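As written, the chain order gives the labels A, B, C, D and E, with residue 1 at the start of each chain.
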């Protein structure tokens, strides 16, 4: 998974159908695996050749073809051609910098979105592009690398838990998207935690380091929003456009996913407000620290400058300075200086600077 | 009631129908009570078993089934199944971190929202999730714990005050929602009070403490908005979508609730403006305080630094310094110093720094 | 008229029809007066009893029933019942904290809005709620207290000036709303004046007092917006919804009112921009003042600190200090000090600090 | 032309048809002139009496009646009555503080907008209200004073240049509006120039004067936006609403005007962004200047305060101070002081403060 | 290519059809070249006279007429007339300051947009206006100067790569627009790079220079947005409005272009957020630097001012100062001064100022 997907190096000038994998190569070998099931039967298969999965296109059973690794464009192209995918769809699958989108065709629905996770050292958010194509009785999923968050679905399919085996490909489609979206909550929780700790830290003491952390938090939120915001429209499109591929009874489930996305977007917006608020706190903290410094300077300076002046007076070398000859002159000078100090201290106390 | 509902721990990967109570357990025992009435009869009943309330589903009379406590998912599931609730509805009832929403089904309307209140020590806002399901002649309400704000409705039902006993379940549905929404006004009044006091306090003297209070106020407003903003759409949906379950004559009442929600949202937006405004005040106050400090420093320093310089001059040990031998040298030096002081004071008076 | 209408104390838990006057009692006695007219006849009447005005409901002539004072809920209720007003309408009339709204019923249109004015000492904006109900051939107006801005309408009715006597109740309805809205221009002019003076004042010298005035201005604008913003939709609703009660030829007049409201809202938005702009000016002014203070300190300190150092050098008591014994040592010291001062002054001149 | 059109003194309480000229009187005499033309004939005429232009209402030729001066309401009223204008239209013509608007009637279209220009001393933007009424074969234009920007149109009409003589009144209507809108580009160019110069000036040195200029720029932009923003809807209305008075072939021309207005509004928004950006620059410049002041103070003070302390030490009068009696004590003291100075200078160099 | 296209010098008062080239002359000679092809044939031709390309209007083959240079309005006008272009279209082609727009006519679609690139010294963004007109079987493209980004399309046409030769003029139209839009990604990548480097630089040390760079970045983003934002609507219009000139099968391709534009606009918005964020960083950095300066001043001053006072005390010339005569007076004085210094240092350590 990449921590930064900013660059959008497009293959300018090339035709739309030119299949080039945009992104870094992440696995050695493209792995194609199939899970095929209906109410009664269940089978798993790993395809050595892309063509090994062609049979599942027209089978009566529901087939989930999962492809890990996107760098071998030839494999992808072969599968794409067999399953009648539009050339632009295949291009979008291969471009891992694409924003989430949905494309509805005559015989399939194409969706691309991002799986999100926390990096292993817990310091950042990682994301991986995943694309789903829903056809009649089959789903093809494309992932950048092996290892995903769908194991619980596989387990439930295998062990026939719940209603998943009784339902069609559209329900599996929902379950896959729902799993991806549910995982976003971990990320928003993580962000909330980070932001809360940061706030607490800054309220105690704002440091240069916290500035970097605020900056990082802001960027994460901006990137997150770019990932989750378009999803709203994507899922809303599935839900609203009545479609041959999606049964009416699956509709409420997509509405549920939609609600979750709204909630995630809400949280992200809230966190953005929080981040500005934390920046304000930081600035105020810095400014308060400066005030403290200025106060100390002012207290020391306003007490000692007049005293030093008095000492300076009686350090003058005029021949005729009567006070110098007084017996208690020195003590009187001290007295005056102590008096001035007291007055100053009382003044500062009154001003609540001490 | 919980003061903080930020965490949205979802049961990722589990199927949508998996009934798990998300939230802290707040009562020991799930309590199911029924109020059953029509124009003529009225009865109250506490159900030992969930099944004790099943009879009310098809009765001619209006039945209000109230369930306090959400942790016993089995009880909820039993009731849900009997009343033909969608599995996602039951899931939403159990997830107390859900944002307010409405879901319309063939035979029931599901609404979930938050009851708001002021915490007992008057320092914060507490909220509790409440869900209402309106069916043909029955309403089921789910609350997180015992004790609510509906006692006046119960009393009016019992004593047959007003028109409530003459109307159907949809009118009761309205009255329940209206009561929840009306209670929000206490919270917005509370927020207005807090913000007004804070402003007054900061205009007098901005302290580090006030910064924390502004921060808290802002957070409360952000959270409030998350609760009240979606409500607009919820009530608007009830009002607009003509529905078999809601009689036309009840429409204007929901429009009235809608107006109140608009007003609450308005107030929250206004308070958000106010909060920014108070933050500005705080910053300005801090900056003004700093100016005062700087002014004092400048006054003291600009008066005494030149004087000290003069004293320094006549503290020099040159052999040939004629002034030192003048008879009134010392007095002239004092004279010059007093003159400088006077000029400075006049200058500061003119600049209005004194 | 109340200067502050923030509190929205609702009678939570009570049924919608419960008639309670929300707001302070402003007149001793509820006064009901009727103006009845058509092209030919004109009569005025003050009703001792509410029932005295019942006859005007079904008369052929146009009747304007004006009610001053809202605290006697019984009187209001009686009239409401006779004129077939919805219970929620009467509730809204009595709640003087309501935001402007329109409600269309089968046989009447209900509108509630605020009359605005400048307080007598010219320091604030006062407002009073006024509600109009337009029926077939009659209008009922509810005001919080006696004395209003409609005297010119009454005069024109009485003296048969213009076309008002030739037109129906819908034209009177327009004239009443138009008069209220036109009065808003006085308030926006007042606000513009205040803001302009404030800006001028702050450009000259920003004081702590100006901060309070900016804060007040901002609040006034926020409150104004809450009053005028919903009006847009209110008048637009009258204009658009073709209605039995409003003749087509009156439409352009309401469109004219609509334009005025847009203009008022525009002005308020502009003034909000201005208020932020003035706040910026204030902050910049404060910051400039501080710079001036710092500059003075720096000039004095950087000139005298080196001089004092030189004086300090020759105040040392080393036995072997050749300069002390030079004949012109003292004069050379002075020379050096004057030189340093000159260099400093030239430097400051170049930096434009002097 | 007035430089400030803020005040919106309305004639509150008066009926809508009461004709009162709101604005300052700008010409002595209302001047009514007519240009009458078709493909073949062309004539100009100055009407002594309003009634002199009545004949052009029903003539077959296209007539452009131009009225300079709005203070003689009687003249305006006579013309208005003859041409069947709605009383509200005439009122809007006379109120020179009106925002741009369009009003479509059965037999005429009314448009009011502002001509913009740069004041003669190039320091501000001036505006004058102009209203156009398009009827069947005639256009009436109302201007506040003589002298306008339509001379090139008159010339082209007279000399039969281009297609204008071949087209109807709707095309003339377009050309008039287009000329007004095209003139706005001069104003946006002027604003862009001012803002660019201001930015350059502030990047060099931010002065109190620049603050006033930013403030003025902001106000100009706010006022401009109030003038150009409503125009979008105005022209869009002409373009969209198919109308008997406007031929279909003229549609694309109005679409072109619409595009220009969009572009003008875009530029104004951009300039508003720029203005905030310049304000930021100003604030940063002021803050940078202050930092420079502080740095100088710090450098001088941190170098000389320790030196003065050392001088102070050896200015003490203790009997037993061995250093005072050293032969090279004085030179050693100087050595130490020079050393301290060097260390400081190196430190400041490293910190890049020197 | 011009780096600044702000000025919008319009030819005010002239009629819409007056052909005047607005913009600087960029090539000596207008060059008209034609590529003509279908599945089987391919030919290139450079037209000496505008009329040389007239034959391609009604040919069966697809013809791409490219015109480099806009200053010779006569040539443009001739071509425009022959191809039945609306006079406003030709005006828009010639005005190189136009914002991107689409205009649909009976027999042709007109689009104008900007090609973007990085200037050769890599310090700015350059743009050139390009207009496309799609007719039946022909496309006319207008560019400001020779040399463009379409060479790969020409090569593919010539060498018959891909499907481009099998498709009609609408597909070529798509490919041209797509190539322009794809090039924008280079610019957004460039902007992202610049902004990232700037952020890094400012986090290390904020200089006056960085302020200029932020300002430049902001302006570039504002200008970019003006170019890319209207494009959204332009492409969306092509995609949505079913049109005789665009085959249904080309629709998805335009949808793909639309997605790219959305992504570009997203990136620009993100970069605008980043730019504000960088400005915040700059301000904070400046403020932190100032704090450091103040801290140093305070540390030096608060340590040495009291010490200098003590030295001043014992520099007084009172006759009766017992300490002066103590044997270890001098050493005690030093002791006290060292003690004070230690206390101060510990205090500063505790405050984390050292």
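The rule is short, and it goes like this: contacts are C-beta pairs under 8 Å (C-beta built on N, C-alpha and C of every residue); 3 or more make two chains touch, one makes a residue touch a chain.
This one's a predicted model, so the numbers in the text were calculated from it and none came from an experiment.
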Exercise for the section: Please find the path from chain A to chain D through touching chains that uses the fewest steps, and give that number. Expected result: 2
Exercise for the section: Would you kindly state whether over half or under half of the residue numbers at the chain D/chain E interface are used by both copies, giving same or different? Expected result: different
Handout entry: Rounded Å distance, chain B centre to chain E centre (Cα mean)
Key = 43
Problem - Computed distance of Cα centres, chain B from chain A, in Å - result: 26
Problem - Residue list for chain C, restricted to those that touch at least two other chains - result: 287, 290, 294, 297, 301, 305, 308, 312, 315-317, 321
Exercise for the section: For this assembly, give the contact graph shape among line, ring, star, complete and other. Expected result: ring
Problem - Contacting residues of chain E [partner chain A, same complex] - result: 149-153, 156, 161-164, 175, 178-179, 182-183, 185-186, 188-189, 192, 199, 203, 252-253, 255-256, 259-260, 262-263, 266-267, 270, 273-274, 277, 280-281, 284, 287-288, 290-291, 294-295, 297-298, 301-302, 305-306, 308-309, 312-313, 315-321, 352-353
Handout entry: Of all residues in chain A, those that touch chain E in their complex
Key = 6-18, 86, 88, 98-99, 101, 103, 205, 208, 211-212, 215, 218-219, 222, 226, 279, 282-283, 286-287, 289-290, 293-294, 296-297, 300-301, 304-305, 307-308, 311-312, 314-317, 321, 323-330, 333
